[in-house]
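Each of the next two complexes has chain A plus one other chain: chain B in the first, chain C in the second.
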Partner chain A sequence: MDDTIIAILRSGTPLIYVTLAGVIAQRAGIWHLGLEGLMIIGACATILVITATGSVAIALSVAILLCVLTSILFWFVVEKLKANQIIAGLGLTGLGLGGTTFAVEAIFGSQAAVSAPFGLPRLGPWFGSFGSLSILVLLMPLFVFGMWLLLRRTRFGLRLAATGEHPFAARSVGVRTDLIRLSALMIGGVLCAIGGAELAAGSLQIFSTNMTAGRGFMAFTAVIFGAGHPIGATFAALFFAIVGALGIRAQLLFGDRVPHDLLLGLPYIATVFGIWLSAKLRGGTRAISNFGELRDS
Partner chain B sequence: MSERIVAIVRALVFIVIALALCGIIFSIAGYSATQMFEAIIEGAFLRNGALTQSLRWGLPLFITAVGVAISFRAGYFNIGAQGQFYMGAICAAFAAEWLNGLPPLIVIPICFLAGMTGGALWSLWPGILRLRSGADEVITTLMGNFLASLVLIYVTSGPLKDPSGSGQQASSRPLDAAYRISTSYGLSPTIITIALLVFVSMWLLVNRSAFGVLSGLAGRNPTMVTWQGARLMNIGLASFVVSGALAGLAGTIELMGPNGRLASGFLPTHGFTAILIALVANMSITGTAIVAFFFGGLSSAALYLPIIAGLPSSAIEIINAAIALFITAKSGFVDRVLRLGRRGTWTTR
Partner chain C sequence: MKDDAHTVLECHDVGVTYGDVVALSDVSVSFIRGRIHAVVGQNGAGKTTFARVIAGLVKPASGRVEIEGRAVPTGNVNEARRAGVELVHQSFALPPSFTVAEAMQFGATDGGVYSRKQLETRWQKHLDALDIKVSAGQRIRDLPVETQQSVEIARALVTEARLLILDEPTAVLSPEGAQKLFERVRHLKDIGVTVILILHKIREVLSVADTVTVLRGGRLVEGPIESDGIDAAKLAELIIGPATRALDEDDRAALTGAAIPVHHTQATATDAQSPVLKMNAVSTRSDPEGPPLNAIDLTIHQGEIVGVAGVEGNGQRTLVRAISALADVSSGDIQIDGKDVTTAPMKMRRLSGLRVIPFERNVEGLSLSSALWQNWSIRSLLQKSLVSAIQPTQLRRDCATALDSWDVHYDNVAQHAGSLSGGNAQKVILSREMDEGARLILAAQPTRGLDIGATAFVWDSLRRAKSRGCGILFISSDLDEIMDVCDRIVVMLSGHVAGTFEPPYDLTEIGAAMTGVGQ
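Moving on, here comes the complex of A and B:
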């Protein structure tokens, strides 16, 4: 039982951090399909900098800095150049996946994986069998709660909601919607960097190319599934993590009967199921693809 | 007319911006940006045989991109071209495996049929989920891509595994030479004929048929199309199926032509590039053909990047992604919305 919970927390924590980034972007009216790209940039930067400098603090700062800078680029393209959010987001993801592959190839040759000598600080023996988890797992509920506070209990959160739901009204009372969106995306960049760091350095201490394997898109689905609410989206992300952990379990149990590669697809099937269910529950009237286009300028 | 020229110029400007951004990134990483551009231009257009190689990469991309354009015109962000491409190749490979030994004149058409059916079916389920339940097709088709590449890994290391293959990359048994429609060089009269057929039939479908008019309208204003008495459901499903079938056709061509076998994770960026082509061409069929040739050049240049500029071949991925980041900036979809009030002629071509 402990093993399963550890596996869920291990795969769920990076997903939840990235989901929070998606929540804040969605609240600001941006459908953020670049989460995957930001996440892998965070993961890659963390491992490479740990290997180069031996300091986790520097590694995290570099990862955060890179993700925030990339987020600013995304904001500029989407907000200032009025690019289509979906395509620009996919471009950002491609930039992250291609850029990290490129970086690894440029530094290490044709090698596809880099391992760091050590990862993020662990919880330690005081937590018993959970001691092998990183401290970011313990901080995760705080981040979720903090996000809820930020969105629901602050002036900034209110302006953010206004920006996302009715930008015209927000502007008419003097809210700088472009700056609100910028700050939302920058906060999202920080969260994606943390999620990526946790993914790469939380337990494995390895970066391999394309290691995010669609987690950014799963986080995006969790946002839709959770109706943009931080706590709802967190539970949606947790659901995906549980399905993933069950998939690993199922491999151990039925590995000889069901092909292993197909069990790996369970989280993706769960994601499709999630998007179908949320469309059923809330009616899929406001499809994301239309939203990006009909947004007023 | 002039508006279309404006759109093309704008797309070119943003491609230049994207290339400049890549140049800056590569210079920071310590490579020479000028050498990179040299490698691209030389590899795509100037070297001996470079033009035929651009055509070799461009034709399958063109076929997939036409499918993407048809579904985008109808207002559906079907970004699952990659998965449909894989599924097409997988189904065709199964057909070839089962019919092995029969005369090529029977086997090849059946393989093509199987490939197109596979692609169409892999596009149909997101279409049904979208049109019946409103489940967003962006996510479902994306997940379809991931699932299809898992199926490809499974098929190449399971049912169709080549027992004599090396452990490096799982792949299927090579097709019998009689069933191949081109050599590994990748260009043959058959492939060119297929591409021409696709061009003519899709041009007619888009520009000279009720489906073309209605799906173009549905992309701009679905409510109006419903009021006009057209079945949005049928138009939508048809555009999903056509785009999937075309991606499957491209997958079949890659399998039975240049590749000759199914390898896990082959051409992983095909679908994404096809989406870019459709967007740059502003969903026009003729435009898609021209732009596909350009991106085919980029793909064939990927081979020269390591030789001339010393860059890893993944540099092409970055270039494509940077183009994707900028290509819709103030063009294409946004223009469509901006121009809605005045007139909407631009999608008819």
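Moving on, here comes the complex of A and C:
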């Protein structure tokens, strides 16, 4: 049982950090399809800088800085150059995936994976069998709560929501909607960097090209599934992690009797089913267009 | 130079241009503190632009704005709010998913982390103090428009507003709601708030405002004039100016809201003829786009204009959608020109003579990025089969002929529909929808946003279609217009018909039906 929970936390934590980045962008009115790109930049930077400097603190700072800078670039393209968000987001993902592959090849030659001598600090023996998890797993609930507080219980959160839902209303009370979107994307950049760092250095200490394997898109899906609400989206991300972990269990259990590919596809099948279910419960397409629908009372 | 201590707002040579369009030019005007000032003018006179300049939402190309004797940087909402200016928009600016308390908090200037209870208690007090009967926990989208407007006013008063501007506040209200609003405005004046009301009905101006200022074509015509010193006829003349076409006395009154119009033309309908529209107890399934219809009975005869009055959002849009095959009819039946079309697709209905002038000219009526001839020829194409051949040259020629005969001002039929002015764009739709084959015309807010000349043109066109024997369903939120044009009025309230009225109309009775009083 512990094994399963550890597996869920291990795969769920990076996903949840990136999902929170998607939530804040969505609330500010941006469909953030660049999450995948930011996440892999975070993952790559963490491992490369640990290898180069031997310091986790420096590695995290560099990862965060890079992701925030890339987010500012994304904001500039979307907000100031008025580019289509979807296209710009996919472009950002392409930049992340291609850029990190290029960086690894430029530094290490044709090698597809880089391992660092050590990863993020672990929880340690104090936590028993959970000791192998990184401290970012423990901090994750704090980030979720913090995001909820920011979005749902502060004036900044209201202005951010208004920026996404009714920008004219926001401008009418003097809100600079462009700056609100910038701050949302910058906060998102920080979260993607942390998510990427946790993915590469949380339980592993290795970066391999394309290692995010669609997790950024899965996070985006969780945002929609969770109706743009921080808690809802977190549970959606957790749900994906649970399905993924059960898929691995099922492989061990059934072995060759069930096609391997079917089991690998299980999380994605569950995603489609989950989105269908959430749309059904909340009334068709409105669930997606009115993402502010799910409210805590 | 006036005494600064008494002047709340002073504009010097304010000019605004949008692209090539001059919205305001050289407007210099000053308003005295502690009074109710009306700003009037026709559509396109620059009233809303004027309000937005003062509120800092629009940056003027030239000119200065002074509030209480102090120059305020233009084009900056925060500066304007700090100086005490608040603007309530015509179509409200509150995010629909917010609760009332959140809408207040979002406009406020203080407060860190809050709990939901703190927030609601705090703003409930504010609402109670303003005598606005709404619970702070309710969502904006669940409120009727009149309450939404009150909430928006309360939102505007969360800071120490000294100058409150209301942009066409009565456009969404029933006559009774307008009276309540004016009481609230007088109360605000008593507590020391200067109010600028942007209005377009002379009756309302004379009943509530202390002074009146007239804009026409982006220029200041006159003002502020003491409203005691001017009568409706003189004011109407200032608003209309040298009219391009001679206006019938009743039309003139309806256009400026100077007097309650009396409908005097007789309907040419006879009951012997088969009706062009017959709806028997039609109900629709609820959908997110508006209240469903609830057992609507409606008959329109040949040569009859039937008006639909009601506060916006009471099912008028659903009615149009039900007749044009866009809403699911759950029970009842619809006949067009004697044929049952309850389940028929739009193509069949159009073949039966249904034509629609839709609510949103620029969204539903025209494809702004398509050429004029494409927009125009869609009617005939929709009635043909999918694989029939198209002859663009012929269509272009026919389009040019039609647009010329409808007096549309355009350069060539290949230009985009988005390059036309509102009045011309509406004429393109009229030329498409009011052809010889029309039997039943749904005219949904056909004059909204049009200037006086274009409005009169639309009315004339509808009357011509009526004399040809078309039946017309005329939906408008302007009661004066409905009473002037229509042979019969039905009032809609929450998706059902709350009353049917025949001339001579009684404004009070119709107003009561609109709000459900006396049911």
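Please note the rule applied: the second predicted complex is superposed on the first by the 281 of 297 C-alpha atoms of A that agree within 3 Å, B and C clash if a C-alpha of one lies under 4 Å from a C-alpha of the other, contacts with A are read in each partner's own complex, and residues count from 1 in each chain.
Just so it is clear, a contact is a pair of C-beta atoms (placed from the backbone, for glycine too) under 8 Å apart; a residue touches a chain by one contact, two chains touch by 3 or more.
This is a predicted model, so every value here is computed, not measured.
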Practice problem: Determine, under the contact definition given at the top, whether A:33 touches first (chain B), second (chain C), both, or neither. | Solution: first
Exercise. Based on the superposed arrangement, let me know which partner A:106 touches: chain B (first), chain C (second), both, or neither?
Key: first
Exercise. Determine, under the contact definition given at the top, whether A:1 touches first (chain B), second (chain C), both, or neither.
Key: neither
Quiz item: Between chain B (first) and chain C (second), which, if any, makes contact with A:57: first, second, both or neither?
Solution: neither
Quiz item: Which partner does A:171 contact after superposing on A: first (chain B), second (chain C), both, neither?
Solution: second
Quiz item: Now for A:155: first (chain B), second (chain C), both, or neither, which partner does it touch?
Solution: second
Quiz item: Who contacts more of chain A, chain B or chain C?
Solution: B
Exercise. Check whether A:81 is in contact with chain B, with chain C, with both or with neither, and answer first, second, both or neither.
Key: first
Exercise. Check chain A for residues that touch chain B in one structure and chain C in the other, and list them.
Key: 283, 290, 292-293
Practice problem: Flag every residue of chain A that touches chain C in the complex, lowest number first. | Solution: 149, 153-155, 158-159, 161-162, 165-166, 168-169, 171-174, 283, 286, 290, 292-293, 295
Quiz prompt | Complex interface listing, chain A residues touching chain B | solution = 33, 73-74, 77, 81-84, 86-88, 90-95, 97-99, 101-103, 105-106, 213-214, 217, 220-221, 224, 259, 261-262, 264-265, 268-269, 271-272, 275-276, 279-280, 283-285, 287-290, 292-294, 297
Quiz prompt | Of chain C, residues touching chain A in the complex | solution = 55-57, 76-78, 80-81, 87, 89, 93-98, 102, 105-108, 111-116, 155, 288
Quiz item: So in the complex, which bits of chain B are touching chain A?
Solution: 25, 29-31, 75-77, 79, 129-130, 133-140, 142-144, 146-147, 150-151, 153-154, 157-158, 272, 275, 279, 312, 314-315, 317-318, 320-330, 332-334, 336-338
